[in-house]
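Lettered A, B, C and D in written order, each chain numbered from 1.
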């Protein structure tokens, strides 16, 4: 899966919000993506618990990546979110290591559907989400678009 | 509206995520709240446009505050988000001044419903949301809880 | 608005679910649609109040129509729902006359966004919704598609 | 599971909307519920395919039941929906036998979270949903309320 690894590396410098929050794409394969973050004080809300915006961000990223994996070298897929629904089941604390797991569950060359969840290292469910995404340009076709 | 202004000031130091993203509560009154943010490079995704997680964060905050205003000095309301649905209508650029406007639209002493939208200064609609929130403890009652 | 009236009439015989539930499209204009239903016993759930499925149905229909109005005779737009989020604010009783009001709020030739609410005749808010829809074929273009 | 079977029987006469649409609760156990429906012409929209309102109804029912199972004879749980988000992945045809499968995924004595999906007999995924529900009265407590 060298292409995916390459993409993981290429990702980091160019993404302001990923740097700001310190989340990372840690697994990427056909229809699946995992995004990780360790909770720090900067991720807390005024009640001292994890800000909901951190959970929606991780889920948006994991679900979006899940639909954009492509194994062909030199090709890529890109998408933007049309809608994202998040349910907040439990909260997290400083030091918790979170993984947002995204799964593509359907769609075609224009639009895809995904769902996912955020879990702590111990397997506690913090949030679930489902979302609809639209591929940019022609990149949803079977062989994507040139990665330029 | 001195109580609200006082709360606006008290808010900032204690909230890690508000500092990290630089959003601010700029208006707060019965059933309404406005949250503002100016888009900077740190808010962008890897495609160079506003990260969806910024929009979901602003909406979560604006909708949550909309249900927590209380005019009585020394009293407060607090809530956490049960679910938030966001629709991404358009995207924003560096330098755009955004306002997320939250409106409480129903509920009781236990749960409230809110909706909202994110607009640019020029009135362009970037996103809409609706959410369900639960009051912490007894703070959803008419006179809230002691602000401690 | 003769074209819209014509379409309202053409609608009824072909739609099994509209007949089953007895809802009707009662207003249709650019970016807006109203759908009406009077609550009867058949619309109740086992607790004796309005079934949530009636509210989601009315909202799905009103939001979908809101994006499909076209003034040009002999042309039409058709769409299917990608996602629909509904919030259930209050419930209704037998005899209540409901109107679901849909509003298109954005989108392009491929996808549109809408929101809406269900109100009683007395103006009580029962539910809100927001949804994403995809136009069938080329029918989202400015002049729609041939009406068959 | 005689208690659940008893409830399944008791359910039918009192529920107008279940009769109108001909859906049935076909499995009910801790944190899970299955609701079945065979698509007939009355379930179609004006485009001749399954009406989205049928899918949202089945999901609302399945998710709601999933959180209301209780094994103790003479006790029950009841809930109403706060929010329901549905994604429409594919459509169904007359004659398709559908099952909506609901799963409770979290919550406490006041509110619960659920998710689910609608599948054809052949395993094709038509829709997914997630929802938040509130227990009526004290019925969300471990031993529910008297079934009276």
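Here is the rule we go by: contacts are C-beta pairs under 8 Å (C-beta built on N, C-alpha and C of every residue); 3 or more make two chains touch, one makes a residue touch a chain.
Please read all numbers here as calculations on a predicted model, not as lab measurements.
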| item | value |
| --- | --- |
| Maximum centroid distance from subunit A, chain identifier (CA atoms) | C |
| Of A-D and A-B, whichever chain pair has more C-beta contact pairs | A-B |
| Between subunit A and subunit C, centroid-to-centroid distance (C-alpha), Å | 33 |
| Approximate Å spacing (C-alpha centroids) for the pair subunit A, subunit D | 30 |
| Centroid distance [mean C-alpha coordinates] between subunit B and subunit A, Å | 23 |
| For subunit D, residues that touch 2 or more chains besides their own | 82-83, 85, 87, 113, 130, 132 |
| Residues on subunit C engaged by subunit B in the complex (per definition of touch) | 85, 87, 89-90, 105-107, 113, 115, 125, 128-130, 132 |
| Subunit D contact footprint on subunit C (complex, rising order) | 11, 14-21, 40-48, 51-54, 56-58, 60-61, 78, 80-88, 91, 136 |
| Residues of subunit D defined as touching subunit B within the complex | 82-83, 85, 110-111, 113, 130, 132, 134 |
